[in-house]
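Could you have a look at this structure, given as structure tokens, before my questions?
Just so it is clear, A, B, C and D label the chains in written order, and each chain counts residues from 1 on its own.
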Amino acid sequence: MAKTLLPSASLRGDDHPHEECALFGVFGHAKAAETTFYGLYALQHRGQESSGIAVGDGKELRCHRGMGLVAEVFDRDVLAQLPGQVAVGHNRYSTYGSVGVANAQPLIVNCREGTIAVAHNGNLVNAGELRHRMESEGSIFQSNSDTEVVLHLAARSRRSGIVEMLADALSQIRGAASLLFATADRLIAYRDPHGFRPLALGRVGGATLVASETCAFDLLDATFVRDIRPGELLVVGPEGEKSVQLANEPRVHQCIFEHIYFARPDSKVFGENVDRARRRCGKQLAREHPVVADIVISVPDSSNTAAMGYARVSGVRYEIGLIRNHYIGRTFIDPEPGMRSFGVRVKFNPVVGVLRARRVVVVDDSIVRGTTMRKLVRLIRSAGASEVHLRIASPPVAWPCFYGIDTPAREELLAARMPVAAMRESLGVDSLGYLSLDGLRACVEDPQNYCTSCFDGDYPVDPFGEHEQEARRRAAFAPAPETA
Amino acid sequence: MAKTLLPSASLRGDDHPHEECALFGVFGHAKAAETTFYGLYALQHRGQESSGIAVGDGKELRCHRGMGLVAEVFDRDVLAQLPGQVAVGHNRYSTYGSVGVANAQPLIVNCREGTIAVAHNGNLVNAGELRHRMESEGSIFQSNSDTEVVLHLAARSRRSGIVEMLADALSQIRGAASLLFATADRLIAYRDPHGFRPLALGRVGGATLVASETCAFDLLDATFVRDIRPGELLVVGPEGEKSVQLANEPRVHQCIFEHIYFARPDSKVFGENVDRARRRCGKQLAREHPVVADIVISVPDSSNTAAMGYARVSGVRYEIGLIRNHYIGRTFIDPEPGMRSFGVRVKFNPVVGVLRARRVVVVDDSIVRGTTMRKLVRLIRSAGASEVHLRIASPPVAWPCFYGIDTPAREELLAARMPVAAMRESLGVDSLGYLSLDGLRACVEDPQNYCTSCFDGDYPVDPFGEHEQEARRRAAFAPAPETA
Amino acid sequence: MAKTLLPSASLRGDDHPHEECALFGVFGHAKAAETTFYGLYALQHRGQESSGIAVGDGKELRCHRGMGLVAEVFDRDVLAQLPGQVAVGHNRYSTYGSVGVANAQPLIVNCREGTIAVAHNGNLVNAGELRHRMESEGSIFQSNSDTEVVLHLAARSRRSGIVEMLADALSQIRGAASLLFATADRLIAYRDPHGFRPLALGRVGGATLVASETCAFDLLDATFVRDIRPGELLVVGPEGEKSVQLANEPRVHQCIFEHIYFARPDSKVFGENVDRARRRCGKQLAREHPVVADIVISVPDSSNTAAMGYARVSGVRYEIGLIRNHYIGRTFIDPEPGMRSFGVRVKFNPVVGVLRARRVVVVDDSIVRGTTMRKLVRLIRSAGASEVHLRIASPPVAWPCFYGIDTPAREELLAARMPVAAMRESLGVDSLGYLSLDGLRACVEDPQNYCTSCFDGDYPVDPFGEHEQEARRRAAFAPAPETA
Amino acid sequence: MAKTLLPSASLRGDDHPHEECALFGVFGHAKAAETTFYGLYALQHRGQESSGIAVGDGKELRCHRGMGLVAEVFDRDVLAQLPGQVAVGHNRYSTYGSVGVANAQPLIVNCREGTIAVAHNGNLVNAGELRHRMESEGSIFQSNSDTEVVLHLAARSRRSGIVEMLADALSQIRGAASLLFATADRLIAYRDPHGFRPLALGRVGGATLVASETCAFDLLDATFVRDIRPGELLVVGPEGEKSVQLANEPRVHQCIFEHIYFARPDSKVFGENVDRARRRCGKQLAREHPVVADIVISVPDSSNTAAMGYARVSGVRYEIGLIRNHYIGRTFIDPEPGMRSFGVRVKFNPVVGVLRARRVVVVDDSIVRGTTMRKLVRLIRSAGASEVHLRIASPPVAWPCFYGIDTPAREELLAARMPVAAMRESLGVDSLGYLSLDGLRACVEDPQNYCTSCFDGDYPVDPFGEHEQEARRRAAFAPAPETA
């Protein structure tokens, strides 16, 4: 029996919001499974809990999924059992530590049009409502995922042909959805009309690729063509490639957190180099919140780029003050109670020679609950830092995300519970500065195309279905008890 | 990644028909998962490819399934994660060697009445038809199993309440179905009105048990109460126990092969001791096909009892002429080509001291394709037997089973391809005698209550749905090319 | 990490003495590793806890060992990494439930003559003494096994050449030792001058085989040539085959328990068919201890043959009264406390239809502690047997074995603790009869060539080294407290 | 069976020399095994192929070892089976991809003084000679490791008492050896008189700790006390702590590569902050090899600190131009042939936005063969860099190491094959500058205390034993064919 022990929350919980997954698809490649393996491998940072690939050989669609990293789930033997020219793959960050692989994707089902596999990045706000309606009409669900809802909608469509059925289904969902479908001989990609989650189109040789981020194309020596457009349904099959604009929104709402934290800096998302946007955030942060200090350090690796931007504009020297342990394993043993800073030390160790007697600016990309940051500050002080000035390269996260990011309830968000002055005290820093929302907007090229709801609570799609109980709304937005 | 390599057909293929599974359920036991573990353990002979248990704790239903023996799939850690008072479990003999556990049972799904788990022993003859209809109306299927069809029918029922919905569903299916359902707080057992597959009711302490065979009760020191009746739906829940007779057939058609081969001799099935019926078959066989010989041997272990019956009536001495290797592993390496009798030798070794220069009566319970028997006869001769007289303790298997037993197509059945005289020659034996159908009937208590379609082609339920293609019917009953 | 959980003693402890291992070797076969795999597979009954194969390709000697059955430890990939023409393999029954594989064999070491692998069946009575002497002279030991002692003796020999060194070493050891050695290009077999443990020579094609039992040759379609003679050292290498008689004893002392219990009935050991000797024991037992009864049953599978012998002479009908579960797994969960007969029920289930209201003769091959038998008798009675007459097809085991069999200390042996009348009462049977020692001797061909020390305490080799502490002697032979 | 597939050389082979292992020991801690687990965890960067812990509880010494990361080899269940107050642990970087764990450490053996475990970091230059002598005198070896030689020497010592025996043994070895020994109740640490490899002493609560680097102490909230002195034997046992100076060398020869590459920057080794020495190297490199450029980038993560030092002195801006994938798995699938830069891309992806049209200074810590660097340069150019100036923060590695570092033969070392000008061309860079040896010496505090033989061929201990064949010497120093 294969047991999968998930890392305890305190160890993986580096107090960032979490992306729910990575998508990769390919059509027209003799080694579709291997290609997808490498694509998922390059996108491993978007999800580490489970991985899966479904491959079509023109007649059949086969799927393998498992718990763990893509390189743990797949080996030569498994890939050899997945022949075919079309594939979709998925890495999942799971919030549920469960026995078994029931929630791993791609999902694969049979309906009257044959077998279909689907991989999803995002979150549907009306999934509960749709599900409730379909259950009352006799549908049965094998998972709790939004993704299964899409398949049920398609299966129940009165239109004929798999593409038409999917189009019908996609017209009914609301929320965030970058989706990849595979049949035995077709690859179908869709991005919701708000464009919440990224999805990029690439080519290598005669093959078509689709991926959450362009760094997957780089590994494969493939060329980035363009983003899948918000509202676009792209069908690639034996008959060629066909793009349909299913819907349009007056404005698109791309997730600005991709630039702040999720995407790899070597990727291009939403048409923009992540590295460049992220550095601009650091620079703007330095303009908004300068401080007299000796060194600037980052919380590696996600805030390295922003920290260097801050250092450059502020003129304060960039140093490596924290060493990150990259060997954090899957099964882990709880430490002795009483080792105070253990949880954070397992991940980061301060460089005493860099920090001692220095006035330190610590740049991080975001704060969610603040618990890890509090320990980290204590760790930096224990290494001898004379002052700790915390600078966050994004505005305060004060509202939960409903579009595919795993955030805690509002009452657990540090910034929803107290004003900045109280946060400063709570975190134990000498000063605290957040990038302003206007400042952030100035760092990306088309600021009007971004969703910033986690900062301003301005939700572009009503996060609650019409029949949603008021109770749920209240729970999500419970008045944070300690708010000043 | 856990890879599961199924044994190659030639090794597990001991040329018997194969039972598709074992069922075990419990209600009202503080350790429902452990109890089910032991129940499945005692029923391991009915299926070795996968095992699963779903457990309800009054609020939630949790499930764990995996490839392999029950003692491989479950350990203390896994059982500890399955608390609850109600459980259903399943051992599967799978005909499909596939990567992953998608076909393992119990199936667990969500519908408007909540979460429900199901385990199935049998085969529905109208599953394809029902499935086709429901797919055309928008249902999606995650497996190829008949079992999922039952759940869809229930989910689509217009009745309310889980029991009513199931009753509605069960009224639509045709064929062989012993079924166990669990919700978070209920155990539901059903046996089709023909009663094809066994299902027994037991008690231990205050708990209710249901099992495919009574040997599962023995291991748990539980008491056998009675069989679930053909057509009976038994619901055990917080409100107590309730039995509903959903349907009645003028005659029941219990699978006579349970007595011939499937069930353990220490079990009681269909109200009769298996051991007793099986010994009677051997005795009757001796009366019908006596022979002058020195010893009677069995093909261990399934024909031991019949062979002893034969020995007793014939007066020929019973001996152990074949030693069976019980350590046949899951992953196995193909032998050198050229070791002629290897496939059968891995499983059986002849005892030369017993066989040499002896006239040997070999008693086996049945012959399907005849390939293994041919090798076994050669092996017995190579050990020095001067004559080999084969006696089969059941009639010739000349028709495929459509009620839950895995048999090959008609054209592969030895008895469908040639008359007994030709079989004798083909198998290389000095004489061959099959128990007559009338003789077999005389060995069980209520012969009118048994299905004997694999012997006489007299199918109590039309094995093909009304909309079934004629092609399929023709394929199943293809004129055997070599039939005399 | 691969954890190996050994079955709890109560489950594997079927109250038999335990053989410590199986040996298999081959020289001159293009697929030496595969051949050894199959040889070990046929000898799996002699040891199930670990398995290993060392293979030489003329230049190098490679080894793979692991916990579990041979089919679990080896697969195609592993065998493919073990090319070569010479191999030795070993199955171990381990009395030590330890983490890791340190005690698995073959041992493989480097000395001045190169790399050498060794597999051992037996027990040296002067191992402690030799070890103590060599440790005091600076040798280091990596295991607690006797086997390592042999290698140290060889390495310290002043003679030159691997064969001469081994001969020197073997002249110093006392006790039971069937040994197989492999170098990169040689197979060497040795059997101690008393011939305690079996070792047989075979051939297939141009290859030489050596195995603990001839059933391994049968599986490989190989021919049994003769036994390795007591005191013989057989060397097979590029220069051909050479046999040296290293030592002679006036009498040989082959382990009579091989015929009683250990060997497979289809094997030939010590030049005699096991099946035949075992049946004779049953017949003689019937002559010595007749009883008026309805049926004779065996404790399957080890006493089947003896039980049939008993039935034949006594005229009482042989029946199958106990069904054995062959699916006992490696990891097992403890039952509910309070299930009285659970431990034995997991392994055996009584056939009620056979036993009820019958006077039953139960034939078993031996009793060690008696704990399992006590439960089994209770189980048979609970199935309705009106009388239970226990017949043991060997004399009372009253003395521990020092020649390679795992027996408990004298004070735990039932027959050392009480006379037969008290045993009868303790076991709860209506009558109890053991085969007499003279009776047993009459069942084998050359009775003077057998060791019977476990029955009569007449140890052919002093089990304690000269410097052995008196304390140890006293402990082994502690006066059994309850002896009448 | 647990198979361990090692990563292919091309993937782990990042063209650095490789440290052979990490040591950690503890005495007087109630949870010695857990403490050692965490110590090894913090030292994972020094060896990832196997891990092991031996623990003494005052009476017995138990050991568990396995292939993989420490968090893969150990879990709660395994640690629970290792009770005790004293422990030694080891992480190994193995150069041998072998089936099984025979080479994993700690080694554990029995000798006349009882059971002893040993873990070793280093390489003995006279191991072959000592081994040859002891084999000729009758010792047997179970591994090819130098470490076993130490144990044999101790076992053969005529002195009495474990400490005396070890001291005797240690006086005979020559070369690099930081060693940790454990008995059931003692921890013994030793560092060779040249002090080649690091070994630090720490304390937490009442417990004594010993570790390869101080970062292990940090994770455990322990205090660094001092380094184990070259030639010191430290014994910690129930009788207290005792330090003996076994030998003295006129000069110590600590491995300067610990500062250049091996040690974590947050560690203190040889009494000096690694981070500080490493930054100085970068600064000095900038002074010696300035260049007009737009940005400085590092090859992450090992050269980050040096690159920042270079940036600071040169005034050229530090940027992150390469993103490292930290999810490289253990089992990996070879890519399509034809993906040119694949091998290096799997590990690094260039940030196009940073590199395009820029004159780039690439700082790396060292070059061994040059193969990876050549691909990396090509990758950086393909991302649009207009110029690539390579700066190496250490002198050319032109001689193999014989003191515990895994380097290729001299003829494979890029710097032994050609002068700098030719290297520049071979690597395809616009300019190439190495730190001078004098410059490097100026970066550490006591330059006279360091071994620099890999740069200057000045070996402080003759790397070949007196009886060593001349052939081996010639092979090691084969005239590099392409040397100008």
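Heads up, the rule we're going with is that a contact is a pair of C-beta atoms (placed from the backbone, for glycine too) under 8 Å apart; a residue touches a chain by one contact, two chains touch by 3 or more.
Please read these numbers as outputs of a predicted model, since none were measured by experiment.
The chains that touch chain A as well as chain D do not exist here; no chain meets both.
If you average the Cα atoms of chain A and of chain C, the two centres end up 60 Å apart. Between the Cα centres of chain C and chain D there is a gap of 48 Å. Residue positions of chain D touching 2 or more other chains, listed in rising order: 72, 74-75.
Chain pairs that touch one another: A-B, A-D, B-C, C-D.
Within the complex formed with chain A, the chain B residues making contact are 1-3, 62-66, 68, 72-75, 77-78, 81, 99-100, 107-112, 132, 135-142, 144, 151-152, 155-157. Here chain A touches chain D in the complex through residues 5, 31, 34, 37-38, 41-42, 44-45, 48, 69-72, 74-76, 79, 215, 218-221, 264-266, 273, 275-276, 304-305, 308, 312, 317-320, 323, 325-333, 335-336, 339-342, 345-346, 349-354, going by the rule given at the top.
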